[in-house]
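What follows is a group of structures, each given as structure tokens.
In what comes next, chain A is part of two complexes: it sits with chain B in the first one and with chain C in the second one.
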Partner chain A sequence: MKTLRRQDTRIPRRPLLWLAVALLFALPPMFGTLPSWVPLLFLIALTAKFWMQPKGYHLRSLFWKVVLVALILSLLFFSYGSLRGIEPGVSLIVMLTSVKILEAHTAREFHIMIMVAWVLCLCGFFLSQNLAIALCLLIAFTLLLVALIQFHRGSSSAFWPPVRTAGKLLAQAAPLIVLLFLFFPRFSTGFRFQIASQRGSSTGFSDHLSPGSVSSLTNSSEVAFRAEFPDGKIPTLGAMYWRGVVMWHCEGLEWNAPKNPAALPKTSQSSLRSEGVRQWITIEAHDARWMFALDWPANWPSGARLAPGDYLWSDQPIHKARRYEVTSYPEIPNNQLHSGEREPLLQLPAAISPAARALVQSWTAGKAEPRAIVEKALEFFRAQGFLYSPSPGEYGKNGLDEFLFHRRLGFCEHYAASFATLMRLAGVPARVVTGYLGGEYNEIGHFFLVRQADAHAWCEVWFPDRGWQRVDPTAVVAPDRVNLGFSSFLERRAAAGQLDNTQGVLARKLARWPIFARARLGWQTLSYAWDTRVLSFDGDEQESFFTAIGIAGRGPIFFIVGSLLVAIALLALYTGWTHLRTRACGDRIKRIYESFCRKAARLGAPRNPSEGPLDFSRRAMRLLPNDSERIRSIAEAYIALRYAPASDPMTLEQFAKAVSAFVRAS
Partner chain B sequence: MRQGGSSKSSFPLAPTRSFAGLLFVLAAIWYAASSQNNAASYLLLFALMSVFLVSIPRTLLNLGGLQATAESIKPAFAGQEVSLPVEVTNESRATRYGIALTLPDLGDAGEHIDEIPAGKAARTVLRFPAATRGEHQIGRLHLTSVYPLGFLQVLKQLSTPQRYVVYPKPAGDQRLPAETARSGQRSSRRELGEGDDFAGVRAYVRGESQRHIDWKAVARGQALMTKQFTAESDGMLYLDLAAVQLDDLEARLSQLALWVIEAERARRPYGLRLPAAEIPPSLGESHLHGCLHALALFQ
Partner chain C sequence: MDEKAAQDLLHQRSFIGRPMHSTLLASDRDPEIRFDTKKQIAAFTNQICEVIVGKTEAVKLAVACLLARGHLLIEDIPGVGKTTLSQALARSLGLAFQRIQFTSDLLPADILGNSIFDRNEQRFVFHQGPLFSQVVLIDEVNRATAKTQSALLEAMEEHQISADGVTYELPRPFFVIATQNPQYQVGTFPLPESQLDRFLMRIELGVPDRASERAMLLGMDRREMLKELNPVFGAETLLEIQAKVRTIHTSSALLDYLQDLLDASRQRHRSGLSPRAGLALLHASQAWAMMNGRDMVLPEDIQAVGTAVMAHRLGHDIEQSGQSGRTLAAALLNSVPVP
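Up next is the complex of A and B:
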């Protein structure tokens, strides 16, 4: 047993251990997003604590605390250049937590550490929100509960009971969590602190196309977006061109998209002859403003615009996963080119080599039609020994010539950029489109998963009679890439020995096992559900949910009070139920006798705590002579029931009756 | 003697200090979640809120079916510690955890019981300083618990009718009076009781000290007999309050208490003379406590 004044005692080892494990589970989101020394120093502090704690050491001196904090602040300032923004902020919290860990040694500080750990969980969610991180933080959250419970259980050292209690608490809290999540109002506080952009470099997709910009993504299994076809109309994989950005400005092998495109007016759908394909797209946060849709979107969600070139452009940078519905048509709705628009579509870089000009002149000779020129160009790529490779190597300053006439080895961006440039040389308006091609179908969740590795670039060419038409030169060089999807394409290549990618072979073999394949699909489905059902449930979704169940249009106070009232009602029910389940069972005989004693006390014969039943009955008989007969029989029955070796159930009933009749009679 | 406490009802739940911390963390998460419109953070907020809400009934019921019985308390000298043995019985059908016992009327004395299984009992001893001489009441006995999360404290207030006696603190620098109050012709009288000289045996009375039982006689098969001794009372030592040359009453009582103890240790039969009462000279433990008790209760 311990004294009550725990403030003076050390933190017991076991709760501290639970807390440490919880903190370890709060760490994963920090690796990779923060400078690596931040979580490392945190780990070191945690380890040091376990060395210090049994010896009774802790960070005492105010001087050293000040020095440490100053050191941390300057380190952070040195590596970020500023202390504003989410990542320096999170780093600061992590580092200050480390100092607190070194300093803490009392029970109160243990509670403070638990609170800080909860704040660290919050920080984790600011850095990343994917399902794996969420599960880690859920474990951390649960372990913090376990640490608290273990702390209040004191010295009992059993391993499982606190874990079970924490699990029970969480299970009982689950309905409340769902209730609050659905109904607790989400109003914005207005002020947003800015998240520093750190994802731009890793996603790779950009408004700038250069040799290597797409092929650098081929090893990234990061999810770009997921798409569902609610109407069940699924285009073939080869026709699944997810339109991202249209590039107009040509620099040879490099192309650029406008930084801030204008908005096209909405067109009426009646002008479209064919039926549209409806898609639900859940896009991952990428901090830029492009959005994806199948070729060619004509019906776009609010908060986005259709930019010239018929691609979607978000009004706000996409800082968190977002789900939207879009309808695409197999034709461009407004497929006209005005006289002023033609000129910029033929823009070319100043330096075009004579060889390239000569090549194009050989196609345009004899007033050839645009269609014939396209055919000749494609024939050039097909017949002149061009090869398709995800790692074509670097191209220098004269990249276009080097690619067209010497190396002839390229990835989709090389083919798209060079083809569009050649078309412009030939006087045919052309542009480059970047986006994704294909995707992986998940048969459990019925959605397509599109990864960064599916990134693709293709061309669109203007024909006077049909308007903009898609031309994909990659399809000529590597038809399988287009028809099979990128990963199947790679697999086939690897099987044919054309690819010396040995590191991925084992993983791919494993992935072909049915169990792993199912597990992977299941995980992807869960992850998709997390993104679409949980992460995308924001204020707008909540509003439409309220509309759907018919309670929209009420103020936030109504929902706060309402959800809390329902929660409290549930709690009251639960309290009552638990009380009934665990209340003192006592034995019935004792209860009945106690009620007799209470009645006797009311009549003026209270029983002394030290008095035995016989002594009491004798005294009560003297005090209450009128009831002496009853008192005697009750006392005899009680003594018989209590102390006789085997008592008759009938006696108990008679005893109960006698006691209940006791006051009524007197 | 054992006495059960009876419970009084008052609102049993109160927030603890870490509740303020929880509110602060909840507010911080709410602010962060709403300003970023971050659904995962909202989930964290609601998880924390819900777990806290669900822990309320657990805390509230954690003292259900607990009964505390205080046992009799040994007297103590002022300035020393009083020990109150308490037995806590769990009459409910669930194990109870993390129970603290405190005596709010008697300073910050407290003890922790980590766990009481269903239907079992646990014992602990509460210690608190004996401040002033006299007979005191324990007053309230608080059972509290912050289990499981420590954000709320549930309180069960029991009133214990238990009383305890604090003897005056034995202190003073005056010597034990060597001079005895002789009273003329009674001078040669021998006092029966506890002394040094064997004077015979008589039948043992239950409750008497076993020290003077004639065990040899028992071994011979005889009934229990108590050996009687007489003290050579070349005069009787009467410790008289009026005879103590001090101004302060408490100091005089302290001096008397010290003398009583010294006389007992020296095995000189002593009596006590107070304005209201007189205890005839004798020796032995019960006599000692009788004298100290009289000193403790002196008004």
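Up next is the complex of A and C:
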């Protein structure tokens, strides 16, 4: 008897398969954010389940369960150092779900697994919130629904009906989701998750410039920020210098920015002669405080300041994506250099080699003007066989000399750093600016996408007559890099065979197909819309939305109760409507069929009231052989509409048409 | 397989409802393998029709009864093939089969089982009776006294047997085929109404027509034919089909018709059809629809099984002479309009 009972409650294979596929879709956010053994163990547990299930095995012994849980806890503790926080918490849920999968074998436990999987989906959003992850989790969510429906359908093995039902349920839920999204109050009570705190600080922008710090980003396709030009004034790609951090402190090939720059006073824009370029910038979270703007920002958003060197600096670290508006001008406002400021701009490291000094002296001979010195230095880079390469290799301790006189192979940071150092040697105030150059224009969404790979470093030197001027030594060595953008530059190099690194060439070729290019741009646009319209809809945005529709200033209770009431009303309306529709539909089918019976009776085949539709159609076909084909199709349609599991309105229309045609033809 | 061997095998397997011939059929080894239900049922029906010549309608009703998880009562005069039909059903299913001949001196313990003192173990041990089987043929059910007949009640309805305060579960599937002689024969105890209601259907075989009888007279010995029957499907497949039968769609229009029938029976007769009879009608018509390869029940399905399901439930209400349950059921089906 025991065996029998177990057999009755065994989880059927198909719902289990749906559940497994759903769990696979819940995995992507875990990869990359949690330690890789967590999702791997989860996958192993899932695989083991499929091996165990047909054999009727499951994790029975309490002893082993306790051992497994203890093992999991200690593993998590050793890998995180504590069990507090989002990631250890999510890891714990994932691992406990794995154990549950091994243990589950009854119908009740199947339900628990579904519930836990739903929680897992929600946890995924703690780890990542981008569009791809959101879609993945939506699929997982739907498949869980399908698994649950399939489970309750029993031994029926049909594939589509559960999927259809799940789709219908989700479609019905969609208006409620929108309603709650817009109106449900967002509380910010100081209880803040620091979502995904362990951002890889190695891949990204930095306030420290050293050989290799920018070139390490060349393979990163991660998005740095997106920019829109609301006034439609788009500068050329070669002039699109996105200013990040200005570095003052020189160590030869290494430069540093101040850790916590002061704020500049607000400039009066009347002093600016030219027209500004307005930008909307949506910056990705990077946990640091720099913000980007085109050269040179003159006004800045709230919560940020303009640091000396005219770059934006956020008051708080940017832990989540942020959108701000900034206006830049093609000249620096307040372009003065006070007497006290000149000294630090000529600061140099102690160890400058005689060779470098000799080189600079050859330029400054004869009391040359700063502009002439700059020209000579650029000429030096142009004529002495310097090469531009994204992977120039390591530079040792005496990097400056090695770069200038021996290897002559470098990336933008080498050129910017060495150029600025040489300028200081020549007595010209200079500084290094790091940021991004160019970007990819998305013609569908009309915005620029700037990736980490677009990172760039350049120089600014000070001329007594015109103040700070931008000088980009990279433009001399590799003009295409500046004018075409980094990815086009790489492509051209690959085409010319100058790049031995063939990785990604195929992908780039594929990407040039119009359909792929369109799809990519479309996806980027969607993703941008997701970030700016959905993810950024926080308490403040909601407040301004309420103000816009004129219901601002009510308490949260009003919105909670209100949105729930509206949701219930919507549901009631929907139920009533479907009820009325099906009733009306049933009546209509019956009316049409009765009219068909009357017509048939007139032709000599009256229906016996106790005769079923199939019997009647057979008899009528015998009695009216000329119309037998028509009678058969009418009877089939009627049976499908009246007695079959689901009838669609299409058939009803056809049925009505067939019946009305029946009298005309006869 | 003779009955002794079947019983031994059954005991070895301790009634877990496993198929007896699991090695014979791939579909029993792996429940995931697809099977064409309609074809399989047709093959099953055809095999039985080869043995019971000329009684296709009765055989189909018997199969529908089996698929609807109901018990079958066959009423007819001796010698028309009642026992042969039930044996053919049991053998074609490859299920454990028991036959109990009811007599007027049969006692409940004879069919349920006895507790006998075991000298070695120094305790009473329950020895299961012949009712512990998957297909039970009860021959001449109306020859036993009411006491023995009602002992069948629990077994048929609850699929379990209580003896000496212990409840024993019966194997699955559990299918009772009872035969009875017409009431007018000598030495019969009519089945009580409650007992009759527990049979899903009552069918009559009747004398075969001339051609069929000639075929039978010319053909092989029926007993030889029975021995050569192979199981068409096993217990697990049967359980699966039985589960599927319950999922056959019944639209609200059909349920309207079914309820109209029930209402009409209650208005016309002193004790009309019970709610259980309504369920029986529904399940039997679902099985009939499935046998005809449909995924929905039509009024025609109810009409096809209606007489077999309703006749014995209405039959005890006869006031006017010459009115049998069959004619009452037929009158009901002919007069209630299909909505």
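Methods note: the second predicted complex is superposed on the first by the 565 of 666 C-alpha atoms of A that agree within 3 Å, B and C clash if a C-alpha of one lies under 4 Å from a C-alpha of the other, contacts with A are read in each partner's own complex, and residues count from 1 in each chain.
By our rule, a residue touches a chain if its C-beta (ideal position, glycine included) is under 8 Å from a C-beta of that chain, and two chains touch if they have at least 3 such contacts.
Given the structure is predicted, the values throughout are model-derived calculations rather than measurements.
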item	value
Partner chain(s) touched by A:R13 [first = chain B, second = chain C, both, neither]	second
Residue contacts with chain A in the superposition, chain B compared against chain C	B
Touching partner for A:L148 - first (chain B), second (chain C), both, neither	first
Touched partner set for A:P609, first chain B, second chain C, both or neither	both
First, second, both or neither for A:L580, with chain B first and chain C second	neither
Touched partner set for A:L122, first chain B, second chain C, both or neither	first
Partner chain in contact with A:R642 - chain B first, chain C second, else both or neither	second
Chain A positions touched by chain B in one structure and by chain C in the second	1, 3-4, 153-156, 586, 609-610
Interface residues, chain A side, partner chain C - complex	1, 3-4, 7, 13, 153-156, 586, 590, 609-615, 639, 642-645
Of all residues in chain A, those that touch chain B in their complex	1-6, 108, 111-112, 115, 118-119, 121-122, 125-126, 129, 134, 137, 141, 145, 148-149, 151-156, 165, 169-170, 172-174, 176-177, 180-181, 184, 186-193, 195, 319-320, 534-539, 567-568, 571, 574-575, 578-579, 581-586, 609-610
Chain A-touching residues of chain C, taken from the complex the two chains share	15-17, 32, 169, 172, 240, 243-244, 247, 249, 251-254, 295-300, 303, 333-339
Of chain B, residues touching chain A in the complex	1-4, 17-18, 21-22, 24-25, 28-29, 31-32, 34-44, 46-51, 53-58, 60-61, 64-65, 91-94, 97-98, 100, 102, 108-115, 118, 124, 146-150
